[in-house]
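The following pair of complexes shares a single chain, chain A, combined with chain B in the former and chain C in the latter.
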Partner chain A sequence: MAMTEVTIDSPAKVAWRRFRQHRIAMVALAVLGVIVILCAFAPFFSGYDPLGLNMAAIRQPPSADHWLGTDTLGRDIWTRTLYGGRVSLVIGLAAAFLSTIIGIVLGVISGYFGKWADMVVMRITDVVMAFPPIIIMLTVAAFTGPGLVNVIFIIGGLRWPPTARLVRGQILQLRDQDFVTAARTLGLTNAIIITRHMLPHVVAPLVANITFAVSLAILTEAGLSFLGLGVPLPTPTWGNMMEAARDLRIMREEPWMWIPPAIFTLTTVLCINFVGDGLRDAFDPQQLIGEK
Partner chain B sequence: MAAQLLLSVDGLTTSFGRGPDKVRAVADMSFDLAEGEVLAIVGESGSGKSVTMRSIMGIIPMPPGVIESGTAFFDGADLLAIDEENLRRLRGKDIAMVFQDAMTSLNPVLTVGRQITEVLEEHLGMTGKAARDRAISLLDEVGIPDAAHRIDEYPHQFSGGMRQRAMIALAIACGPRLLIADEPTTALDVTIQAQIIDLVVGLQTSHDMGIVWISHDLGVVARIAQKVIVMYAGRVVERATVEDLFDAPAHPYTIGLLASLPRLDQEPGEHLDSIPGQPPNASSLPPGCAFAPRCPLATETCRVEVPPVITVGDGHHAACHRLDEVRRREGRLPWT
Partner chain C sequence: MTRYIIRRLLLAIPVLFMVTVLVFALIELAPGDVVDFFANPEVMAGMSEADLEALRERLGLNDPAPVRYLHWLGGVLQGDFGYSLIRSEPVGELLLRRFGNSMMIMGIGLFVAVTFGISLGIYTALRQYSVADFTISFLSFVGISMPAFIAGILALYIFSVQLGWFPAGGMRSPGVHTLGDLLHHLILPALVLSIIHMATFMRYTRFSMLDVLKQEYVVTATAKGMPRRIVVMRHAFRNGLIPVVTMIGYSIPELVVGAVFLETIFSFPGMGKLYFDSVISRDFPVIMAANLVIAVFVLAANLITDVAYAAIDPRIRLE
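What follows is the complex of A and B.
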């Protein structure tokens, strides 16, 4: 029997091919790559110590020595922006990771097991969502005190409800699919049915959700730090560098102190959102069907 | 025929919803299945044949489903009463199920081979190469050509018939003693249907499985089953051996079903006798015999009283008030 060799790409491969056609998302991914490299390898791009004070060079505008100027304590702004990016990005990723894990676990419990488990989880979700997040964060931060780990836990611990709802909805739909019923008649354990048969189907809608969670976490960190409840000084983050703008004189007359972290934050969040858009389109099953 | 009893269902009643919206999908269903026996459950859509077997398998969505009463003994254990974990151990190993639509019943993101090996892993503790080899020989056994290569393909790369074969391979992977086949040939071409039936008949003999075959196709039933149960509106109307059912049907509904089958000895142009009327809505069943509104022999008693199950012959039962009348007319009913 003559057979033509047909290769079928895995869903991930198809998604990547489609993602590459999304021009804005590709540009955003490149910009994001540059920012991540700059921050991750900050020592290669700057000769200064981010914490090194220099009283002889305070409040200096951008110059050949200090590309983006110095702050009120004579620290190099460019250097602090790069090192601050490390902290902001770590917080963004870690908090999004944490909220995604919590969201998946709770979403699965409530969607798969239903009944009272669903009741309990969804009521907790409602309660968490009912409070304005910034108020809770301020309250919690006031009790736990500022600090990197605390910020991650505060953001991660409060941003999971949308993820939990998304996962719950997906699991509810999947639970009635024939292949899940079939898996049950084959005597597979709940753990295997959930992890092997259901969660792979949740990945696509979740991927976009995760990227948005990262950008939201970065913004939230900036907000908390701006209010002095995030990562404490002198460790730089984009948020606490922007805190300088609370001084009206600095805001007006020495904008080099707050504009760089602001631009980095804006660019990063925008790029992550564009990438998220691209991923969402790439994984969209409706469009996958239409493709040859 | 002193074969060991494999499955014994008694008084199974399953309903959906509650209060005024309650729909009784299966009412007082009872049957026995001996080891190595093939039983067919026949009925039109909504007659409760699928719900019966799904209740026994524990895959009725609850809520809204409720198993109101009944027992289903398999191997000394009541499937309707044992806990989830013990039921899980039986499912896939001793009892397996094949569904109508293999496309949606296989997971699209896992290769066919993976779906077989995970069952072998779960119930027989087979892993790695041993499981893979076993999976290949299973696919080979159900007639999938080039099984060693196709094992790594995804369900959508299989044709409809091949997918159904893969599902059967999955079902027999752990050597079940009871196979439940829920209209496995309905979605297939007639030629493929015949192949799948032959395959299952062959496997039934070589593996000595008991089979419950759910179908609405009497032609299929005649080829595969030894015993037949005819259901109508959630109740058993007739229970007989295949020979008795085709030669001497006792219940007017069964007679009507058989009369509506096209026959080769029929004159061209002669019209088929169909049963007038529609099957009743399960949420508003008549108080008496559910078939009474469509039955040419129905009397006042039929309309108000649920008919008892009456023994017609050896292993032949029918639920009808008018069996004497049927017998007097020698099974010829005035359908018009």
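What follows is the complex of A and C.
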């Protein structure tokens, strides 16, 4: 009797196949790729120094020399937009990473151990969520002082409640499943049950959540920096470049100073959200069932 | 139902208590105190270090933190939020006035968002996969990704600066006290504020309606020959609206965040701008009071939402 060869694709492979069918998400991924490459390899796409002052060429409108013009200190806007993208993207990724880790740890503690641990963690979550995210960040940022690392910790340290709630919900569902009971009966430690048996199931719903956390963190940094409480000048970020628009004269007469970072921020966030949407569909087990 | 409300209120007490602790602790993080604030050469010329120390002692600033916390909490419970360091005005009155101004922007913004968001949600759900559905859904995705401050500066640039349709900021033209003038100032920031929420409500309504329209009772209603209009509005819409109601309540925090940015951009004298100005100038009493008022506002909105949800959906178990 001939052996039938059965091949089982890994979940990641299945997800990728399904993701590719999502046309808008694929376009968004490509655009995002272009933006990331432009920012990451900024020196290849611009001959100027992002911090280089040039008093002979201040407030210049876009020209052949300065594609997007110059700012009030004669710095090249195109260059600053690319280098600013580096900072904004790094902050977005780092803050999202931090908030995800905190969310997973607290979500697991709350969902797995239950009882008073759950009570305490959930009340802390309630308290943090009682403050609209950026509101409390403004107070903290004003007191800790502006700075790149501070911004990462402020965003990461206050954006975790949605992740914690998501993870808690997932863990609660898994806790009473037979395979977890089996693992416990075999005498496995809590650490192994959680990391080897439960967390892999949380990855799928978490993937989309992480992408949205990145776009939220990028917007939060931009918002804080726009109000002058994020990353301080001269380091460029998309947010603090847009701060120029708070000067009505610049907003009216020199829009090239703030429109490029605004467009880059919007495009990046929109693309990340489309990719996240595609990932959510790709990882949705409900839709997997119908597939052959 | 009453028991459910009472239980929710009791649960809110420890959260509220922790909120006051957090609000107080945040200010403790700040370097310096009220006396340092005033100890600049212009305000306190000629005051020696000993004088400052005496002032600290008199104001109770040398007391341990828990004592100062209880002192502050005692005042708050009696409606005394202290005096603004900069505006020399009781914080309570200041906040009340500014909160009222903000409510106008947030109220109009939320009203527009709810009306148009739900209408567009129903419209697209009834025409799933049509060009209109695709276009509106795509735009709603852009709307959700659009932060209030970028939408704000773009709207200010396009509609006030370039087109000149709206004033570039403020709440009233100098010397003019008409409702029309007030609305003229309110409408742009309120509409911008509504964008992100309109997009959210539209998406939720669409999802929810698509789900409800597939239900058997909708098929039954259609089968017995009811006009489409009545099937949609009487049978489907009422149930489809339930999850959207919760979204409205939970959108309050984002509404407050949007107000902070838009009031700052449009120089609108609301609570959001007051909050931002106070953070920049370290007006401690105002920051503490504003944080507390905003948190209570959010908690109250959540509570009302949960109760409303339980009231309109009898399937919710109240235990």
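Criterion: the second predicted complex is superposed on the first by the 292 of 292 C-alpha atoms of A that agree within 3 Å, B and C clash if a C-alpha of one lies under 4 Å from a C-alpha of the other, contacts with A are read in each partner's own complex, and residues count from 1 in each chain.
In this text, a residue touches a chain if its C-beta (ideal position, glycine included) is under 8 Å from a C-beta of that chain, and two chains touch if they have at least 3 such contacts.
These figures come from a predicted structure and were not determined experimentally.
K.L.:
Contacts for A:Ile192 in the overlay, against chain B (first) and chain C (second): which applies, first, second, both or neither?
P.N.:
Touch partner of A:Ile192: chain B, not chain C.
K.L.:
Let me test your reading of the model: by the given contact rule, A:Pro200 touches which partner, first (chain B), second (chain C), both or neither?
P.N.:
In the superposition, A:Pro200 contacts chain B only.
K.L.:
Which partner does A:Gly223 contact after superposing on A: first (chain B), second (chain C), both, neither?
P.N.:
In the superposition, A:Gly223 contacts chain C only.
K.L.:
Counting residues of chain A touched by each partner, does chain B or chain C come out ahead?
P.N.:
C
K.L.:
Looking at the overlay, what does A:Ile101 touch: chain B (first), chain C (second), both, or neither?
P.N.:
After superposition on chain A, A:Ile101 lies in contact with neither partner.
K.L.:
Who does A:Asp178 touch here: chain B (first), chain C (second), both, or neither?
P.N.:
The first partner, chain B, only.
K.L.:
Taking the superposition on A as described, I'd like to know which of chain B and chain C A:Ala40 touches: first, second, both or neither.
P.N.:
Once the two structures are laid over each other on A, A:Ala40 reaches no partner at all.
K.L.:
According to the stated criteria, A:Val149 is in contact with first (chain B), second (chain C), both, or neither; which is it?
P.N.:
Neither: A:Val149 stays clear of chain B and chain C.
K.L.:
For chain A, which residues are in contact with chain C within the complex?
P.N.:
Residue positions touching the partner: 24, 123-124, 126-127, 129-136, 138-140, 142-144, 215, 219, 222-223, 226-229, 242, 245-246, 248, 251-252, 255, 258, 262, 265-266, 269-270, 273-274, 277.
K.L.:
Which residues of chain B touch chain A once you look at their complex with the stated criterion?
P.N.:
57-59, 61, 88-93, 96-97, 99, 101, 104-110, 118-119, 122-123, 153-154, 156-157, 167, 170-171
K.L.:
In their shared complex, at which residues does chain A touch chain B?
P.N.:
For chain A paired with chain B, touching residues are 6, 8, 11, 176-179, 181-189, 192, 196-197, 200-201.
K.L.:
Over in the complex, which chain C residues touch chain A? Could you list them?
P.N.:
Counting only chain C, the residues touching chain A are 14-15, 18-19, 22, 26, 29-31, 138, 141-142, 144-147, 149-150, 153-154, 156-157, 161, 168, 252-254, 256-257, 260-261, 264-265, 275-276, 279-280, 282, 287, 291, 294-295, 298-299.
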